[in-house]
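Starting off with a structure, shown below.
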């Protein structure tokens, strides 16, 4: 069967790939494009480990078909740092020890960035509700929430 | 807010107790760290596993011919591809391995024993082809009656999982087979006399549901095995040496012929101390001649990997009016799952361990049933018995009208207190956690309507055992530490901290890695809160060997005896005026002269670490109960845990936060729900409800530091005991809020509401 | 020093599953021993099979401190030794 | 392996032609947050996936005759970020906000939520209470259908082969009216409603309720419109007595199953509690107190 030929912008670069209809964007990222930073924790949209943004919109890449990426702009964890400069969220996650095993970290960083783009000064509750779609089994979320709030402070320059 | 209480006389450390960035941090925040599912090799195939739709059935025949004929399929395997194993329990009691069972768990033979039990596996060029091939495998099942719950499985008329299983631990052995694999008993004193002396006695029954470890990373591995009898695995596990040993045994290979590379691991909590996919990927690779990758789905993880046991328990405690406990008795019946080996022994040992009880008895039963075989989960067994014991403790305190923390403090064990399993406690630490809670402002904070406060405590052994480490001094004076311990939550940072402290150099000059099974000595699993303790001892010993070598090199340069060289703050120094007058020589300067003084400087240390000190935790929980819906909101949670010494306090706090939150999930919502056919109906993160960020307040951690003299920096282990008291703390808080004692976990809204309504 | 050690026996306690299987019910022993190896050898001599069982299937608490069974543990005069089931964590 | 086609038509005519002409099962792909899970679990094996996100009417939010028309494939995040929508229909907004995580809402649509026909769908009781009308286009042309008439049972709709739910019209908001939706779940987020209750009511100048619609989710084979519950409010000042009668009527209307998410008794009781609490919020909104 003929595969779909898809052209998209991935972390600012133009990419082309072939995929079958049923392949998800997560499958394409991991298996076709070798970008394994987005993780499969459930493949049902319940854990958020595969979070990416499409045209700026936060989604689970396991619930998007690869073919739907045609013409879209996709951001993954691999595009979060600018060259050798970590994003403030990435730095704060390291400083606050906001990860233990780290499997949920890429998805949480992408989700947190999406929050701070919309709301540069979130309350603790707003962080917790925004991140409710990102499961972490290690940390109990304390240090994740701390790191996001601290990154927001730094990014606001206060 | 997190806090720390340390005894004031402790000497100051330069690196221990600081909070540097972990060495593996940047790859983990940039998506570059490679976990079990992130490896690929040229020519790689995808493996997929066919699983049983039945809870219990005999396998009459398996026909794989149509699957094998599907274009793209390169190998199909069944249990016939694995050698039969001897029926014998090998090794220590609780962890006794029976390879006859293990080979049947990874691939069913005569029978399937639970829904999701693996029966065949396929390797194909794409995932889609592998999945399609599974549908072409024809399995002829003869369904059998099944049994799910422990009390039902113990009944004489229960369907038997093993027609010839005779209960161990009963003399003389019973004549008839049953599902009861083992009976365990511990006890000291005179129970009848003890209860006779009590002014108040409380006895209650409890049940708990099986709960899953819930790591976010499904099991995954990549195998490259050849026909010549050698192979490599990239696997996310809690112990790559254990993966190597089990995989080699199940494939009838020499241990030395299997090389296991440690992938980063996406959570384990005990559930990745055993193997599932590794031998299947290896067998498929050997058969096909290609590398094979297997990734479990989340549904597979829930249906076929280890939850911890559900249990049915009775606990009775008697105390005098003055608060002293005089007797206690516990009966603990645990679901092992499809094969023997629940953590019931730990439950019988840990439940009463925090208390000085002169007359005490614990009896446990290990019972098989048609569920996935239980696997270790964070202080295995202890949280389950603690739920019962700490609930009854609360009720006894109420009955004699005593503050529940003071009641516990009055009976708290300390060095010299006898245990139910015989020896006396050798360490303090419990009373200090209670005092930390008593002194915490939260204990006196006012409560509102429908709000309640509960406290509870817990005990866990913490483990020692075999670990290996190497320390190498680089040409520029930096240091590389390698250990055999999988890093599941920041242990590379704590190893580097201990090495830097011991060597007297900066943290940034030390890098720590996890070595593969061919590059370092045997190291037991990352579990039992043992890594910072046992592997830490190996690191410090290797550092001390390196220091001895550095002193010898300095002595050679100075032309004096090595015995006359001391090591201080990262420098060789003359040991006293008599040794001669030399400027201190830093490690870096000695490293620069390494070739002139004998070549590379490095050392390995392998230990079998004993003297692990137990962990104690005491917890305080405030809840608000919605009396119309039964919803329980956690308002506040404080955990005070004796960690001995926090090497990297941030990661230790993280262990406390994480353990408590897992306990909150266990208390309120997590459970395995089966239908009448024995099918798991909630095998996904949507309906297996682990806590989400918005469910929780900030967990307040209090690090209590009562150092362990058997570790160079006083480490006791921090990973597990924090989960032990949590369910009872929540139950006691609900009781305080609405006057109803919940005795069945989880305390989900329908149960809480039913309990409230039953009392109206 | 060695003399003193040898003259003050260690007190050994077995869990009941072991005493039932190997010693005809005897649970407690006083054995003159300098190291744990001496204890294991002495018990093996009295009850063939017991020593091997202790080596492979138990942990040991020496004055309450839990260790894996290893020959080299030096024993304090009059110390208390319990052979107990081995614990494994998660 | 059977071939799965994917098509992304740019207009309704092409979409309906593709749907009508499909040889086997055709599935409409809007957000895909239910469909992709069903496909992965092997529960549906479509021959055609029809991606409708390229069709303008299905992706727009527009004012229409004082009401709001929004496309069936508009994502939940787009809706809850739309100021007029949020201001006019706070109860429907409450419901849409509860459909999964931010990630899921970034894809999921109300059209999908309605057509997936889960009895527990969060947006449906709120939409029914709001009096939303669906606009459906098929081979025979366009027809309008109240939202309560779309689901036929779990996973089943009254849509005929070739028909496509295109958009919804939320009617003009009466003065002194307000709506609310509440659901019960064990967790605060990431959960399926054990019970959901939507209430939309209008007061006269004296504060007497003149109109009300009450709808319940997850208590029957599909979301229910419960006129008896509404009747308890109409003519009252929505006082404690009226709320109590509303709760009783809501509980009485339930015919739930017991499953992994809740027992029958629990659902029946909760339906009354939530209807009462939702009515209180709707009342506050109608009175201009938020």
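Points to keep in mind about this one:
Chains: A, B, C and D, in written order; residue numbering restarts at 1 for each.
The rule is simple: contacts are C-beta pairs under 8 Å (C-beta built on N, C-alpha and C of every residue); 3 or more make two chains touch, one makes a residue touch a chain.
Quantities reported herein were computed from a predicted structural model and do not represent experimental measurements.
Chains touching both subunit A and subunit D: B. Interface comparison, B-D versus A-B: the pair with the greater number of contacting C-beta pairs is A-B. Each chain gets a centre from the mean of its Cα atoms; for subunit B and subunit D, those two points are 44 Å apart. Between subunit B and subunit C the centroid-to-centroid distance comes to 28 Å (mean Cα coordinates, whole Å).
Subunit C and subunit D have centres, each the mean of its CA atoms, that are 70 Å apart.
For subunit C, residues touching at least two other chains: there are none. Multi-chain contact residues, meaning those touching two or more other chains, occur in subunit B at positions 128, 213, 268-269, 685-686, 692, 694. Residues of subunit A found to touch two or more other chains are 20, 22, 43-44, 46, 129, 132-134.
Chain contact topology: the protein chains form a pattern that is neither a line, a ring, a star nor a complete graph. Those residues of subunit A that touch subunit B in the shared complex are 20, 22, 27, 30-31, 34-44, 46-47, 49, 76-78, 80-81, 86, 90, 93-97, 99-106, 109, 124-125, 127-129, 131-145. Of all residues in subunit B, only 90-96, 169, 171, 185-186, 213, 268-271, 273, 345-346, 349, 376-380, 415-416, 421-427, 460-466, 527-530, 608, 610-612, 710, 719-720 touch subunit C in the complex they form. Interface residues of subunit D, counted against subunit A in their complex, comprise 1, 3-6, 8, 29, 31-33, 36-37, 39-40, 49, 51, 53, 75, 77, 100-104, 106-107, 188-190.
The residues of subunit C lying in touch with subunit B in their complex are 13, 15-17, 20, 56-59, 61, 63-68, 70, 73, 80, 82, 84-90. The residues of subunit B lying in touch with subunit A in their complex are 19, 21-22, 24-26, 28-35, 37-38, 40, 127-128, 213-218, 264-269, 295, 297-298, 488-490, 648, 650-651, 653-655, 657-662, 684-686, 690, 692-694, 696, 698-699.
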